[in-house]
Every structure is written in structure tokens, then in C-alpha cells.
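In the two complexes that follow, chain A is the common piece, with chain B as its partner first and chain C second.
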Partner chain A sequence: MAETAKHYKNRLGLWGWLGGGRYGLERYAYALHRITGMGILLYFVLHIFVTGSRLGGRESWTKWMGGFESGIFEVGEYLVFIAVAYHALNGIRLALTELGLLMGKPTRPLFPYRSAVLKQRPVLILVMVLAAVLIIAGGLDFFLLGAE
Partner chain B sequence: MSDAPKKVIFEVLRYNPGVDARPRMQSYEVPAPKGLTVLDGLLWIKENLDPTLSWRSSCRMGVCGSCAMFINGKPRLACANQVAHLGGGKVVVKPLPNYDIIRDLVPDLEPFFAKHAAIKPFLIRKNVEELENPSGEFFQSREELINYIQFAYCIKCGACLAACPTVATDASFLGPQALAQAWRYTSDSRDEGAAERGKEVFTAHGAFRCHFAGACSDVCPKGVDPAFAIQLMKQFMFREKLGGCKEKHGTEVAPPVENWTPREGIPKPPDHSV
Partner chain C sequence: MRESTLWFWHIIAGAVILVLLGLHMTVMHLDDIIGLYADTTAWETVIARSQQGFFMVTYILLLGAALYHGLYGFRSILFELSLGKGCQKAINWLFLIGGLLLFIYGAYVAIAVYSMKEVVL
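And then the complex of A and B:
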């Protein structure tokens, strides 16, 4: 008989961020916050790399910047804008909750329970609405009003 | 018309460490009379179809926390959820995710209890002599009790860690249960162990690893609200670092009640046992 592990590893890993169950809105806001955070971090690394090319002189700078003029990079830039808009607004909500705000005070739990997560949910919805407004306005500027 | 109860399909995860290389799903048809809980269904399977099916359960009334399982996409207590309330004609039962599977629906909770023990889940006092040889009860007002009582209702079922996306990617994260218990004791007016407990709680895998996904509070069967407790713990640390917290002194031993006459018909209290 083939030797099998004593315990089967059942940690969800990255799948646990997006899938892995039927949960509330905040869990998906969490996943989006982390994904946008990593996207912004990746952008910063690329940004430092590209601006660092200026050290190679004007020619090097022009060559690198010329490579970013295609439509794909404009879409990429807009994706960074979307990520920053959501990450910044949701970050404010998270900072407020970490300061103990928006969630009420401890109480004796009586069924049906109403958690502090539900108490701050209107703020999450406000964050989503504001982010959507910013993203739509940014999209108009990127592709219609600001287009040459 | 037949009076026989309608039937429901139970899809149950099976894993035998001596035989199976990986878990598999097995289906059972179970009669579902009104009021059937998921635990009742599993017991019926064990008694009538498959005596090898394994899980943990004890009280059958949502108190012991033994029967937490991943039922229809959410960690729940098998004893406290009726099949009729789950929606759909199928009940899918798996062991709690984020824990190793020992067998079938039995998760390995050892790391969970190790994290619980790590945050020192007991009252810490500077005066050890009073703890060792108590002269009475520590005073606590009703308002001071309300500050932590909801966090003291934890039954250690482990559902919150199964729901937590941070636990899913960081095995060392203390997790919502241990962190909520850290706040339960830190916010207790009788406790003086905030600094000692803080050494465990304010680490790279402690309170600030929580990014408020809220799933722990969503699934908690007792309304403990661990996500709330963790945010209060963070607030406490900010206030402490910014000098907004006075040095905490645990409440004193309550003086004996004097000039007290019991109401008629009320029996006398027992003699002191300590």
C-alpha cells in the first residue's frame, strides 16, 4: 500500500481570498484591497525602474518613454488609477475601523446577533459608490475628454 | 398521499488517511423530516448506511462547539442548522477549511488551541499572592462586565479561523479566536496583563495582520464578533502608544457585604470554600 500523509493539508491558500465560501461584502472588499495594493506596488517598482533610466541620459529616457505610448499602456495606466481610487478610499475606512470608529460599542450578544461588521457596512457601500464615481470620471478623462 | 418524509442528498467529504491519497465526496440519501439538523442527518447515515463516517460532536445544542463543519459553503455548527433552512435540495458537508484533515469531517484543532494558549487566556495580576491565596472576589461593576462579556461567549468551535482569508495564507497568524480572547482579557477591569499579552498580540502575525475581512464575525455562532474585538485591540494599542491610556490597575478585592439581611425565603449562601 502506498504510504499516505497522516493528515491531509486543507489550507485554502490564495483561493481563500476570493472563493472558499459564501461570506459578506467585507471579505470581497478585503480581497480587492489586497489585489489593488499589490498592483500599486508592482506599478511603483516599474515606475522607479523607468524613471531611473533618466540616469542613462536623455536618449535612454526618450527611448523608454516612447515604449509606453501604445494604447495598452494607457489602459494599464487607467487600471493603476482604478486601483489607487479604490485602495485609497477603502484604506480610509479601514483606518477608521482600526481606530475603533464606525462600529458602536460592545454589548451583551442577543440573538439574532448584529455584528460590528454590519454596523460599518453603510460606510463600505459609500466607499464603493465614491470609488465608482471616481473611476467613471477618470475613465471619461482618460479616454474621451483628455484624449488628444 | 404518503406520509413518508421527503429525502435529501447529503454529499459528505470522506478521507481515510490509511487508504485515500486525497479526499473524495460521497453521496447519501437521507429522509428529512421537519426539524432535521445536519448533525441528525449525519447520525442517521452513521446508524443506517455507513458506520465508518467520522466527525466530532457532543452537546447537540450549540454549546460545546465540537460539531463546526463547512456546510453548504459556510462554517456552521451541524447541530444548530436545520436542513430545511439551508436552501436547495442538497447538503454539502466538508471539514472546516484551513485545518489539516485527520479523517472525514474531523479537523486537526491542535494549532488552534496552541494559539489560544499563546495569548495567556486568563487574568494576570501583579499581586500573585492574591491570585494564589484569594481573600475574596475582585470587584467588577455591571458596566465593566458589558465591556467584555460578548467576547467571553466564545465556544472555541474554530469556525472563525476557517472563514478567515488571512489564516488561509498565513499559518502563523494568531487568528480571530485567539486575538478576540486577548482583547476579552485585556479589556477586563480585573486584569493587569496587557503588556505581557501584547508581546504575543502585536507581532508581525498578530492583530495588525488582520485586515478586517469580517468573515469571522459573519460565521460566529455565538455573536462573539471577533473582528470587532481585534479592531478594539488595535485602537487600544494606538491609544497606549500615543499616551492616551492611564496605567491600568486591576480592580481591588471587593469588601465583605455588611449589614445585609436576606429576604424571607432566600436560603443562606454556602460557606467560603477557599
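And then the complex of A and C:
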């Protein structure tokens, strides 16, 4: 961290993710992005070890996979799918705003003010609709189609 | 390394993950919709994928990008909580070493299974 950077104490801590002000839709998208990110990271670390079991050959692999056949694991896996769909699509929006692509051109602050947050909001809604489509498609694949 | 450089690579890793994890999720979880495999996690299917150079290379790429993206993201969340300097240093080292160990293990598995030529499908 640069020595010149000034740091302020994060007074709200984790509570600041959800409460502490009149937050817009994007703040909740931010909180959910972090929650899903941590969930995916936890799954991913376990996934590295579980998929590593294929090193032990067919027996080791089928033994591990057999352990994950019950319904609760399938629901858990679907939750990870939902988290990935949300995190990926919201992440596209975040990367685009980071590059300044969805914020509009800078203008003088003349009344009526138009916030840059509102300029990117249609994209937030668009990516959420796309996430919903993916989540529904995933649900079909997980629970209705095939016999996995 | 400067924070802005780490942040830049976080976004680049995100873009890599978007492509590779998109492919992984489509292959693994939308397989019935696109009609790819009868059973994506059956031993024969898993080995058939693991022994293709394309999958071996993309598994390692995805592993590295996802570990970096995930651990840097989690580090950012932790650092936002106004931790002490010592605590931040400990997290830096823990994540760096932990991430490297996970990468070495995952990459080793991908390469070892790729070269397991004695496997009978």
C-alpha cells in the first residue's frame, strides 16, 4: 500500500455493506457481489481438492463423486451456479464502469442534476435480467433435464 | 507491488475467468440443454476431458486466474476493515503462500492426469 495514501477508519465495518445510509440499488448489488465472491472462493478451494481426487484413479474419483450424490449437495451446487451467474454478470458491469464506459461524459453540475449512477442503472437491470435467464436455464439443467 | 497494479490484474483475471469459467459452467451445468454429455462427472467423461491438451492448459489458466482474483478480492474485503499493519502483512503472506500452494497442487493434478496414459477408457 502506498505510504502517501491516507486511510480512514472503517467505522461501519461489515454493517456498511447493507446499512448506514440511504443506499441505492448498486450498494446492494455490491454487497451481494462480495457475499457471492466469498461463497465462490470457499467452494473453489474445496473444488481444487475434490477434483484432485481423479489423480487416485477411477476408484478414488467415483468414491468422492458418490459422496456428493444426495439432494442437499445438488442444491448446494445449484447455489454456487446462481452465485457464479450473478457474480459474473455483475462483474461485467463493474469492469465496464471501472473503465468509465457506462458513466456518460462529464458535464457541468447544472440543475436538474443527472447522477452518473443513474446512467449505468439500465445496465444493472439488463445484467440482472440476463443473470435471471441463466439461473432459470441452470435450474432446468440441474433439476428437470437429464438424470444427473 | 503497487495497489493499482494488483487491482489492474484483478480485472484482467476477471476477464479471463469470464471466458474460461463461462465455458466450464456451460460444459458442466448446461450440458443437458446443449446436449453435450450423458453424464459430465462420469469417470470416462472426466478423463476424456482431462487428457486433452486444451482442457489441461485451460484448467491451469483458470486455476491461476481464479485463485488470484478470489484471494485478491477477499484480501480487499479484509483490508477494508481497518486492520493493523501487522495483520495486513500476515494476510499478504498467508494468501500469497496459500495461493501458490493451491496453484502448485492444482497444476500438478492437471498435468499428472493429462500424462496418465495408462488409463483405459
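List of remarks:
Everything that follows uses one rule, which is that the second predicted complex is superposed on the first by the 129 of 148 C-alpha atoms of A that agree within 3 Å, B and C clash if a C-alpha of one lies under 4 Å from a C-alpha of the other, contacts with A are read in each partner's own complex, and residues count from 1 in each chain.
Basically, a contact is a pair of C-beta atoms (placed from the backbone, for glycine too) under 8 Å apart; a residue touches a chain by one contact, two chains touch by 3 or more.
Bear in mind that the values here come from a model prediction, so they are computed numbers and not experimental data.
Of the two partner chains, chain B is the only one touched by A:Arg22; chain C is not.
In the superposed model, A:Phe44 lies in contact with chain C only, and not with chain B. Of the two partner chains, chain B is the only one touched by A:Tyr113; chain C is not. Legend: residue contacts after superposition of the two complexes on their common chain; A:Ile72 is shown touching neither chain B nor chain C. Using the contact criterion defined above for the overlaid structures, shared-chain residue A:Ala88 touches chain C, although it does not reach chain B. In the superposition on the C-alpha atoms of chain A, the part of chain A touched by chain B in one complex and by chain C in the other spans residues 1-2, 5, 7, 9-10, 13-14, 34, 98. Against chain B, in their complex, chain A makes its touches with residues 1-2, 4-17, 20-24, 26-27, 29-31, 33-34, 94, 97-100, 103, 106-111, 113, 115-117.
Considering their complex, residues 15, 17-23, 70, 72-75, 95, 97-102, 107-108, 146-151, 153, 163-165, 167-169, 171, 187, 211-215, 217-220, 222-225, 227-228, 231-232, 234-235, 238 of chain B touch chain A. Contact residues of chain C toward chain A in the complex are 2-3, 11, 14-15, 17-18, 21-22, 25, 29-33, 38-41, 43, 46-47, 50, 63, 66-67, 70-71, 73-74, 77, 80-82, 88, 102, 105-106, 109, 112-113, 119. Within the complex formed with chain C, the residues of chain A that make contact are 1-2, 5, 7, 9-10, 13-14, 34, 37-38, 40-41, 44-45, 48-49, 51-52, 54-55, 57-58, 61-62, 65, 81, 84-85, 88, 91-92, 95, 98, 137-138, 140-142, 145-146, 148.
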